[in-house]
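First up is the structure itself, then whatever we jot down about it.
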Amino acid sequence: MISRITHLGRRGCELLEALGRAGIFMAQSAVGVPSREGWHLWLRQMHFVGVLSLAIVLVSGLFIGMVLALQGYTILVDFGAEQALGQMVALSLLRELAPVVAALLFAGRAGSALTAEIGLMKATEQLTSMEMIGVDPLRRVVAPRLWAGFVALPLLTIGFSVVGVYGGYLVGVEWLGVFEGSYWGNMQASVDFIGDIGNGMLKSLVFAVVVTWIAVFQGYDLVPTSEGISRATTRTVVYSSLAVLGLDFVLTAMMFGGLS
Amino acid sequence: MKRSKMMELGVGLFMLAGILGLVFLGLRVSGLTFQAPGDTFRLEANFANIGGLKPRARVTMAGVTVGRVSAIELDTDWYDARVILELDGDLEGKLSRDTTAAILTAGLLGEQYIGLTVGGDPETLAGGDTIRDTQSAVVLEELIQQFLSNMISD
Amino acid sequence: MSDTPFVVVEGLHFSRGDKEIFRGVDLTIQRGRITAIMGPSGTGKTTLLKLIGGQLVPDAGRVLIDGEDVHRQSRRALFTMRRRMGMLFQSGALFSDLSVFENVAFPLRVHTDLPEAMIRDLVLMKLEAVGLRGARDLMPSELSGGMARRVALARAMALDPELILYDEPFVGQDPISMGVLVQLIKRLNEALGLTSIVVSHDIKETLTIADYVYVIADGEVMAHGTPQSLDLDQDPRVSQFVHGEPDGPVPFHYPAVDFTTDILNAGGGR
C-alpha cells in the first residue's frame, strides 16, 4: 500500500518535472529576434506543415460539411425548419468542428512528422553537432517549427470552415432543395463575427500552440533510438488529441457556456 | 533556387487563401457589412411582449430586410420591452408616423423577426423617434389558453 | 610548437544515474599533436569528448582549454569558445536538409559576415582538401558513410579551429575509406598545426597516426605513453588491449556465477 502511494508520488514528480522542462523549452525557443535567415527557415516549415496539410484538411472539411447538412436536414425537416440548415451547419462548423477536427488532422499529419523529424535529427547527432558549431538548436531548429505551427493551423481552420460551409450548401441547396436565400440568410442572421468566427479562431490558435508544442517537445526530448522515435510519434498524436478535446470543452464552457 | 521560389509562392498563396477565407466567412457567413455608421438610423418601438426576439434579428418590410434589431431592454416606466432598431439610412424620413411594427415568426418554430408596415400619415419618422403602433409576439401558450377558455365559455 | 598543453583535464568525475563513468581522469593534451584516447567499448569515450566540448557538466574536476575552464563559462562565452573547436561525430551528423556545400558553409554563414563569393571560395577549398569538391551539390542522403565523414571533417574545419575532436572516426568504414581518413587526419594535422583528439578503439589505425595515447578503462586512465612505449608495456591489461587478445585480464565473459552451478540451479529451481 505504502509502495503504491510512493509510486504515485514518484509519477507525480516525474510529471511535474516533464512539464517544467517543456515550459522552459518553450520559453527558450519561442522568444528571440527573428533574422532574415530565420524568416527563410520559417517559410520552409510553413510549406511543410501548412501547404502540405492543406489537401487533407480541405477534403475532410468538405465531407464534414456535407454530412452535417445531410444529418441536419433529416432532423430539421421533421419540424418544418429546414430553412435553418445554413445556421446549423455554419454554427457547428465555426464553433466546434473546424477548430477541433482541423487540430486533430494537424496533429496526425504535421505533428507526428515534426516529432519524427526532430527526433531523427537528435538520433543522428545533428542537434549536438549544431551546438558544437556554436548554434543554438532551439533557435535554429525548434523555433521556426513552433512559429510555423502557430500560424498554419488557424489558417487551415479557416479553410476547413469555408469548404465545410460550401459542402453544406452543395448538399442542402443543390441536392436536398433547401431554398438558397434562406440557407445564406439564416446563416448571416445567426452567425456573429466576433462571437462565433472570432471565438472559433481563438480556439484554433490555442490548439495550434498546444499541438505544435507537444509535437516539437516530444521530438526534442525523446530517447534517440528507433524505438524511442516511434514511441514519441505515437505520444504526440495521443497527447495532442487528448489535449485538444479536453481544452475544447474548457474553452467552450468559457466562451459559450455563460450565454443564454 | 527555383525550388525555394516555388515554395515561397506556395506559402504566399496559402496565406492569401487563408485571409480571403476569413473575409469570406466575415461577409458571406456572418453577414458582416462595412457600412459607415452614418448609413443607418435608429428607431425605437415598445412591445408588450417580445417572445423570443433576439438582438441582431432581421427587420423587414414587405419581406425585404431593411435593418436589424440592435438592442432590447426593459422599459421601467411601462414595464414593457423597448426594442431599438437600426434601419437603412435610405428610409430615414420616408416611413409614415403611423407605421406599425409586428414581431413575426418565420415558419412554426423558426426565428422571430420584426415586420414593418407603412401607414398613410403624411408626417414621417426621423432618427430616434418611437413607433407607437406595435403588435407583440404571438406566444403559443397564450394562444392555447385563449383557445381553451373560448371552448369552455361556448 | 610550444610545450604548454592545450587541453588539460584534471580529476574528472562523472556519473550517469547510479553508474560511475569517470573516477578521476587526468589528461594532458599537447598543442599541435594528435592524442588518441582509447579503451574498450562502453568506457565513456564519447562522454569524455562531450565533457571537453562543454555539452556535459562533470560532477567534479575541471577541463581547461588554453587555460580557460570550459564549465565556468557563460552560455555565450561557451559558444564563442566552441568556434575554436571542431568536432567530427561518429555518424558524421550532417544536416540532412542541406546540400554538401551548404553543410560546409553553415558555420561560416553563422559566425561570419563574409560575402558570398568568399564563402564559396572557402567552402571549395575545404572540400578540395577532403577530395570531395565534385560532390558539392549532393545531399547527405546520397553520400556513402566514408564520404559523409569526410564532408563532416570539411565542415569541422570550416572555421579553421585550433582543436578538432574526432569521435570514433574509423568505425564502420571499409578499408579504403579508413585509409583515406587516416591519411587525412594526419595530413591536416601537420599542414594546419591543429591539435587533435581522436577517440577510437581501432588500435592499429589509431596507433599509426597518434603522437601520444591514453588508454582508459573502468573510469580511470589505465596507461599512457607514446605508441611505441605502449606496445612494449608489460601490464597484462594494456598488452591485452593493444594486441587485441580476446581473453585476459579484461574477461571475455560478462560477470556471472559459475556456469555449472547456474545450469544446475535453473534445473532445480523449477
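Order as written gives the chain letters A, B and C; numbering starts at 1 within each chain.
Going forward, a contact is a pair of C-beta atoms (placed from the backbone, for glycine too) under 8 Å apart; a residue touches a chain by one contact, two chains touch by 3 or more.
Protein identities per chain, from UniProt: A = Intermembrane phospholipid transport system permease protein MlaE; B = Outer membrane lipid asymmetry maintenance protein MlaD; C = ATP-binding cassette domain-containing protein.
These numbers were taken from a predicted model, which means no experiment stands behind them.
Visitor: Counting C-beta pairs in contact, which two chains come out on top?
Guide: A-B
Visitor: Which chain is most central here if centres come from C-alpha coordinates alone?
Guide: A
Visitor: Approximately how many whole Å separate the CA-defined centres of chain A and chain C?
Guide: 43
Visitor: How far is the middle of chain A from the middle of chain B, if each middle is the mean of its Cα atoms, in Å?
Guide: Those two chain centres are 36 Å apart.
Visitor: Would you kindly tell me how far, in whole Å, the mean C-alpha position of chain C lies from that of chain B?
Guide: Chain centroid spacing, chain B to chain C, equals 77 Å.
Visitor: Residues of chain A touching chain B in their complex?
Guide: 43-44, 46-47, 50-51, 54, 79-81, 83-84, 90, 94, 151-152, 154-156, 158-159, 161-162, 165, 184-193, 196-197, 201
Visitor: Under the touch definition given earlier, write down the residues of chain C that touch chain A in their complex.
Guide: For chain C paired with chain A, touching residues are 50, 53, 55, 79-80, 82-83, 85-87, 89-91, 93-96, 106-107, 109-111, 152, 155.
Visitor: Spell out the part of chain A that touches chain C in their complex, as residue ranges.
Guide: Touching chain C: residues 37, 120-121, 124-126, 128-136 of chain A.
Visitor: Flag every residue of chain B that touches chain A in the complex, lowest number first.
Guide: On the chain B side, the touching residues are 4, 7-8, 10-11, 13-15, 17-18, 21-22, 24-26, 28-32, 56-58, 65, 106-111.
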